[in-house]
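Across the two complexes that follow, chain A remains constant while its partner is chain B and subsequently chain C.
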Partner chain A sequence: MRLELKGVRYVYAAGTPFEVEALRGVSLVVEPREVLGIVGSTGSGKSTLVQHMNLLLTPTSGSVLVDGVDARSLQKSELRRRVGLVFQFPEAALFAPTVEEDVAFAPRQLGLDEEEVQERVTESLRVLGAGEFARRSPFALSGGEKRRAAIAGVLAMRPEVLVLDEPTAGLDPATREDLLALILDLREAGISVVLVSHDLDEVAEVADRVCVLHEGMLHAVGTPAEVFYKEPVQAPATVRVVSLVKESRPEIGDPVRFEETLDALRTLQGI
Partner chain B sequence: MVNPGEGTQRGGSLAVSCEGVSFSYPGSERPALSDVSFELRPGEYVGVVGPNGGGKSTLVRLLNGLLRPDSGRVRVSGRDPATEPFEVRKHLGVLFQNPENGLVAPFVEDDVAFGLENLGVPREEMRDRVARAIRAVGLGGYERREPSTLSGGEKQRVALAGLLAVEPEILVLDEPTSMLDTAGRGEVLGYLEALRAEKTIFHVTHHLEELLDADRILVLNGGDLVADQTPERFLSDADLLRENRLVLPVVPRLALALGLPPAKLHTPEALAEAILARIESGTRAG
Partner chain C sequence: MTSRSLGQFYPVASPVHDLDPRAKIVATAVFVVGLFLIDSTVGLLFVAAALVALVAVSRIPAGTFLRLLRPMFFIVALTVLIQVLFSREGATLLEWGILEIHSGGLRLGFFLALRILLLVSSAGLLTATTAPVALADGIEDLLSPLKRVRFPAHEVAMMMTIALRFIPTLGEEAEKIKGAQAARGADFSRGGPLRRARSLVPVLVPLTVGAFRRADELAEAMESRGYRGGEGRTRYRELRFRKGDAFALAATVLVLLVGILL
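So, the complex of A and B:
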């Protein structure tokens, strides 16, 4: 699926004294099979932006296009199946007595037969490495387990675009790495992933393209190298190190991912 | 040995002591904490890391008396948080993960005063303490701002000011930066660093890079305290890191992979300098 936002403006509490223009005309494309990182400081409009991707928020002006078709002309249920949105701290919405019941809830709403529902539940839990706690109560899980259960619930809808809003906040480093590996697996499986994160190091590892929001506007968009080397102060740690080395050794190039950076530094040192 | 004032002798000189502390949540098969013992001396900065579900948040709740241990003893400035929670909370303040959940009052200054209102502090003194706390976190001029108009980093600093106003000697921080962007994290960590001289700090986090300057790092895994080490030893112990689902931050990880000492080179500046120095000496030698 190709998801396009065209000149999206969004005003909270329009017409009241509390009116805030959260998005001021953002145009952006989520290409098929890509990981798009969305970064920007708190309050820059990241969460507001991604809630437009399945029309949970309707733009005040501008439009959202799904494969070139205005998303408003699609059934909302159809749109929300195709664009899965995982909120910040999604575990807050877990409610069923067991994890598998929770994951089954959304696919069951699609009117699938029970066999298909079960197949999807098993599949999603397996992908998230959550099979072992399928029969436990969501409330008896640790933070990382709950997070995976909640993401499994959205994945069971088999979305074409998966939007993750700060999916690793509060997770331990190894669980965070597992989740990043999952994002790459999903891309391999043909799903586009939109990753909203304030952790530039993790965006550097998985994103094909990065967009930087600033005060409700698109500040920069491009490959991680294009975006991060332009402003190396607000960049992942790899880029910050390389930028400093580059001042006297420009031949090092623009590596971003950890392994790339390590290779470039090794080459430079002749090891 | 005659021990007339147990609290003074055994806990009094320590900020926090835990001896053989175990705790299980009702209905849970395995304990959240088993037989955990450690001490915090006044003025120490101690970090706590470990996987999700390792027992970090449970420990925080035992320290401020929200939970009571099944066995073992907890002392905070010589007092038992389970029996004297209100007294203990004057000495030990907790800053939680998400600033959105903690702010309740219409204006910043009311929010900062909130904790004090329950302590029976006279009005004049309260006003002084609130003003001082707001200045201490660099938010002078924000007194009449509405918390909802602040950024995440600013909100977390308001929450921190609310703690400081109570003037506890011990600050417990439970993932205080996990909801903040890079700038907000820098703000909060900067103020913690400034407080280091006068407070005992117990800092729970998933970000090892925040603890590289700590005095000690504790590791909780599956309810057990599995390590209590200096950052230098900790960073060089690959097995310990792996067993506890910890991943070295990017800069020391690069250093290690390049055969440079990770604990000394944890800022981009230090690492870049070491790399350039090595290339330079290599060029000369060749």
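So, the complex of A and C:
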């Protein structure tokens, strides 16, 4: 499915002294079978943006289109099944006595028969490598295990678009690698993935296209190579420094020396 | 943060916001007691006029202040209705089947409604113009004479401060968890009361677990920063009782006296 955001504006606490305009007209498209990275610093509006993708938040103005149809005209439950949203620190919403039961929550809400529910639970847990702790309490797991269980709980709805908000934040390296591999597997299986992160390396590794969000506005859209290396003039300073540093070392993962960073900063100041 | 309701702090700069929290707490207490000593409608109207003037001085927009009071309107309406329908005092104004409306009922209904509104408005003005932390500081100070009889004034105030501080945090957490469960197909508005109560289980369980985790973390953070109770502890914000505070207290008492005599 093709998910499109058109001129989305969102204002928190409108009409009070606490009013904040979190999104100032964002337009973007999640194409079928792609991994779309969304990067930006803290407070740039990433989390607000993703909550518009399944209409947990409705735009103050602008619209969300699913295959060209206004998402507001769709049934909410249908929209939320098709666009699976995994919040930041999703393990904070685990609640059932066992991991299995927790993962079964979403499919049961869909009104599926018990056989189908069990099949989906088993499959989701297997995909996330969480099968071995299926019968344990989610509260007795390690951080990485909890994260796997929570993501399985959304995947069990078999969404067409999976939105992951900072899925690797605070994770051990092994779980992180597994998750990035899972994202690529999902794309192979025909699912679009939206990956929100402030880790540029991670996004460069798996994303087909990247959006840079800055103070509620889209600053750059393109392939990671275009956004990170070709130095679009509209990119924020951090992205420009990264791209300058990486000009001399196109291989992601090469260590960058202190002098190189300093040179890049000097060049940038000269611009 | 998204909804404003009774008891919420409204941060603007005004002479009322600047008053010592102790002066405001005592004035509010005196005001509430005084309200019950006023037995004439004219007296209440006079006090109401003074309170309206005070709200104007506090720079809280009238619309916002009324919205802060909105949760009370149902109780006020109910009070008036009961008085008007069931009081049999004074001249009969209207008779319709078993319904009779008397002038005494109308007068009493108006009087009680005004008293309730004044009661809630004064408390609302206190919390709207005093930051929660300042409020707790003020209460600690007012309770401190009780330390002689081993009353843990500091600990009580600290617990109040922490509780107040974490209301918005827990509220945000609840919103996030609700969002996460809604993304998994939870529906909190469908079905009868029982079904709706059951639909809250997936929110309340993680919220409670999170609250205990937070409490543990907070205790550890406080200990690692050397917190060990109120003994010998100094304050970053010293409370200072100034002339203006004495004046505000005196003015409150004066307005009430006039109200009682009217």
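Throughout what follows, the second predicted complex is superposed on the first by the 229 of 271 C-alpha atoms of A that agree within 3 Å, B and C clash if a C-alpha of one lies under 4 Å from a C-alpha of the other, contacts with A are read in each partner's own complex, and residues count from 1 in each chain.
As a working rule, a contact is a pair of C-beta atoms (placed from the backbone, for glycine too) under 8 Å apart; a residue touches a chain by one contact, two chains touch by 3 or more.
Just so we're clear, the structure is a prediction, and the values are computed from it rather than from any experiment.
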item	value
First, second, both or neither for A:Arg81, with chain B first and chain C second	second
Partner chain in contact with A:Ala174 - chain B first, chain C second, else both or neither	first
In the superposition, chain B vs chain C on chain A residues touched	B
Touching partner for A:Gly68 - first (chain B), second (chain C), both, neither	neither
Contacting residues of chain A [partner chain C, same complex]	12-13, 16-18, 51, 54, 56, 77, 80-81, 84-87, 90, 92-96, 105-106, 109-110, 139, 153-154, 157
List of chain C residues in touch with chain A within their complex	1-2, 4, 10-12, 173, 176-177, 179-187, 201-203, 205-206, 209-210
Residue numbers on chain B that touch chain A, as the complex places them	27-28, 50-54, 97-98, 151-153, 175, 178-184, 206, 208, 245-247, 249-251, 253-254, 257-258, 268-269, 271-273, 275-276, 278-279, 282, 286
Complex contact set, residues of chain A against chain B	40-43, 89, 140-145, 166, 169-177, 198, 200-201, 234, 236-238, 240-241, 244-245, 248-249, 258, 261-262, 265-266, 268-271
